[in-house]
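Below you'll find the structure I mean.
By written order: A, B, C, D, E and F. Residues from 1 in each chain.
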Amino acid sequence: MAKRRYWEEYSVGEEITTGAITIGEAHIFQFAGLSTDFHPLHVNEEYAKGTQFGKRIAHGPMIFGMSVGLITSSGIWGDAAIALLGFDNIRIPAPVFIGDTIHVKVKFKEKRESRKPDRGIMTSECECRNQRDEVVMAFDQIQLFHRQGVSNA
Amino acid sequence: MAKRRYWEEYSVGEEITTGAITIGEAHIFQFAGLSTDFHPLHVNEEYAKGTQFGKRIAHGPMIFGMSVGLITSSGIWGDAAIALLGFDNIRIPAPVFIGDTIHVKVKFKEKRESRKPDRGIMTSECECRNQRDEVVMAFDQIQLFHRQGVSNA
Amino acid sequence: MAKRRYWEEYSVGEEITTGAITIGEAHIFQFAGLSTDFHPLHVNEEYAKGTQFGKRIAHGPMIFGMSVGLITSSGIWGDAAIALLGFDNIRIPAPVFIGDTIHVKVKFKEKRESRKPDRGIMTSECECRNQRDEVVMAFDQIQLFHRQGVSNA
Amino acid sequence: MAKRRYWEEYSVGEEITTGAITIGEAHIFQFAGLSTDFHPLHVNEEYAKGTQFGKRIAHGPMIFGMSVGLITSSGIWGDAAIALLGFDNIRIPAPVFIGDTIHVKVKFKEKRESRKPDRGIMTSECECRNQRDEVVMAFDQIQLFHRQGVSNA
Amino acid sequence: MAKRRYWEEYSVGEEITTGAITIGEAHIFQFAGLSTDFHPLHVNEEYAKGTQFGKRIAHGPMIFGMSVGLITSSGIWGDAAIALLGFDNIRIPAPVFIGDTIHVKVKFKEKRESRKPDRGIMTSECECRNQRDEVVMAFDQIQLFHRQGVSNA
Amino acid sequence: MAKRRYWEEYSVGEEITTGAITIGEAHIFQFAGLSTDFHPLHVNEEYAKGTQFGKRIAHGPMIFGMSVGLITSSGIWGDAAIALLGFDNIRIPAPVFIGDTIHVKVKFKEKRESRKPDRGIMTSECECRNQRDEVVMAFDQIQLFHRQGVSNA
């Protein structure tokens, strides 16, 4: 696909799929060490055996960070995105286990003009899915884009 | 503080402050490698010099992950929290630079009973702040807790 | 438990247990890379197969570092500990393998006043144990604490 | 073996074998994060299952880096090597999988005097081999050495 | 640019430039730990001060690995590349220091048909350059590609 | 030096010096993440400014682990050492800061025969020193060695 440069080049309803990555035990220890979160559900296999999950699960915010990263590294934003404004409605419907492989489905959900004539805002509906295509995390990503606007009229 | 075990032990309006951590260059490279996001704003000092920020900034989802981790490792949830349901309203009002030191302010914002008599839900308003007490990230964290409920009547 | 602030708040004979962590292959490679110790017993599975252990074992000083870290992150020292003076009698009665889960038992063993009226010294007997409660490392940790002393009389 | 100091101490045809290291999943994720190369053949187990290899393989340049490192850490260059001039003929005859254990065979292949009287050049033929002694990578390493030269005559 | 699928889509003489990355101290320690190469020129600042470089330099094979990775993550190979056959003529004309920012210039140098009708080989001339556009590493990368061949005639 | 194979080859009073390594900020974050010890003295620059040290210091057990590793990777034990029995008298006379460069002085202190005729025990006095040759950590390392014993008589 050609590299996008403007907000106008994204169409509501369009969908893309990112690359995928397998979650290793090393990711979980790395994220525990980065985030200071050593909850036994993530780092203690003996404890995790006794939970409803039966084994260690990945940290939710790690899956979130990897999802946002996979979207960025897919090249989808090209040179069009200026800034990340925020995220809404992060939900975690299912756990991610060591050995699962995740990818992200992104659907351009809503566009609105910014007050500035050369800026546009878009909200994308993102679903992180595992190798069985189950949604393991969902969130809306809100970004500011370059807009051609009236100057191109 | 004593270790909390039930939803009833958290009071709306109560505030706590987590420990703090200094952001190193190594964190940013580590998160880039974890998330696959090597955007030049994070990993290319020459590029970053030419932006409005003037130097490299941390990935937003990394600051988010560290914020959630600092809350968890503060011990505030004790044995009371059962599951992380999601997050709302993540906003990123200011950048985090290499050398900044972040901590999180958590305010218990809203509580409601779950349909299950032994479960309660609480939403916490979280603000990640830097060493100048500027808010660099804000979000609401929604969790499920053990509730004593009527069995204590 | 409430956060301790003074040497007087620790009683000889009292015991605490820390959180636990599962040892991953990634920990061993990380510690090899940190310490420069790539002894084949730690990083070469083919070699390790031919030893009395039959597989790779964790570096002793890594288990020591994780043990001391688990004690610190348990929160047991509160605001009372001023400095780590040293360690004695480190012994390594059994190996730790990839997949083992370790925790630490700490027993306050001996207390003595420092020459300074507001300082006290305490030695703690520490045992790192695996998931079968076998002692894999033992050591004495010596620390300097804040003491209320006569000023509280 | 005694520590070599001069180009004259290396004999064409002489061979040495380095230490060995087992390749872990963590190495592959670490190298992906270092190199920015997240090709699915390295980080996506589901994708790799469908390839001729049937599972994830290590990055070639990682095996190259580890091979050169194993040669250096074997101590073979002692104080004699001054600089690494380059490499030729890097070939990758077979894949390296997670769990394989690699070592390097080095054969001193060719020596020639530098224009400077106190410098010599040597090319070493290097073969990285796995636990079944299959060559997984081959390359020639060219280095500059201290030479005693005529001053010893 | 559109995603390439065949050997025919690459033209000898065409050039591309990859993204860039700043080299941090953490990269060097990470690569030392990965490769087992703790030569003082890389990890001992006191030693490095006394060398011709005056400070620590990055490992050559790390710069090589990052260069190959930056080429891959640029997306230049699309779905066309099948396998990495090898590298030739790796040369290291200048050191890379902590804080330098590197990128890679790739020039398609030579193409030849494989014996198989649906395969083609291409050699690319790669130059890793720093922020002053000085060449710090040069190498030829040889790859196997999908070829449309006569089946498209 | 030639590779030692027996306890008899070590002489009480003999001294060796290991290689050296510069401590980076990345080491401290890596060790915090490995050990779960995020004490503010190690990871919070703002807090550390207000302490007697004025800046962040390295974790004692990390310096210990690196010291033991530097001894091992110096090659001093050759094929003679069988097992690490333990450590005594670990003391921490001075802090290690980011940017310091440490090495270890090892003095063979005491030898005694094991009950087994082919085993010997040796205690080595180890001092980790910084770039100003100040002792930052001291400890005794106790090891079991192969002994030639009477079979050589």
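Here is the rule we go by: contacts are C-beta pairs under 8 Å (C-beta built on N, C-alpha and C of every residue); 3 or more make two chains touch, one makes a residue touch a chain.
All values derive from a computational prediction rather than experimental measurement.
Enquirer: Indicate whether more than half of the residue numbers at the chain B-chain E interface occur in both copies; give same if so and different if not.
Expert: different
Enquirer: Between D-E and E-F, name the chain pair that shares the greater number of C-beta pairs in contact.
Expert: D-E
Enquirer: I'd like to know which pair from D-E, C-D or C-F copies the A-D interface, where a copy means over half of the contact pairs are the same by residue number.
Expert: C-D
Enquirer: By mean C-alpha position, what chain is farthest away from chain D?
Expert: Here the answer is chain B, farthest from chain D.
Enquirer: Roughly how far is chain C from chain E, centre to centre by C-alpha average, rounded to an integer in Å?
Expert: Going by mean C-alpha positions, chain C sits 44 Å from chain E.
Enquirer: Could you give the separation in Å between the centres of chain A and chain B, each centre being the mean of its C-alpha atoms?
Expert: So the centroids are 17 Å from each other.
Enquirer: Where in chain F do residues touch two or more other chains at once?
Expert: Touching at least two other chains: 19, 21, 24-27, 29-30, 32, 34, 36, 38, 73.
Enquirer: Which stretch or stretches of chain D touch chain B in the complex?
Expert: Spelled out, the residues of chain D in touch with chain B are 29-30, 32-34, 36, 38.
Enquirer: Where on chain E is chain B touching in the complex?
Expert: These residues of chain E touch chain B: 19-22, 24-27, 73, 99, 101, 131.
Enquirer: What does chain A use to touch chain B in their complex?
Expert: Touch list, chain A to chain B: 19, 21, 27, 30-32, 34-39, 59-62, 64-66, 68-70, 72-73, 84-92.
Enquirer: Mind listing the chain C positions that touch chain D in their complex?
Expert: Interface residues on the chain C side: 24-26, 29-30, 38, 40, 43-47, 56.
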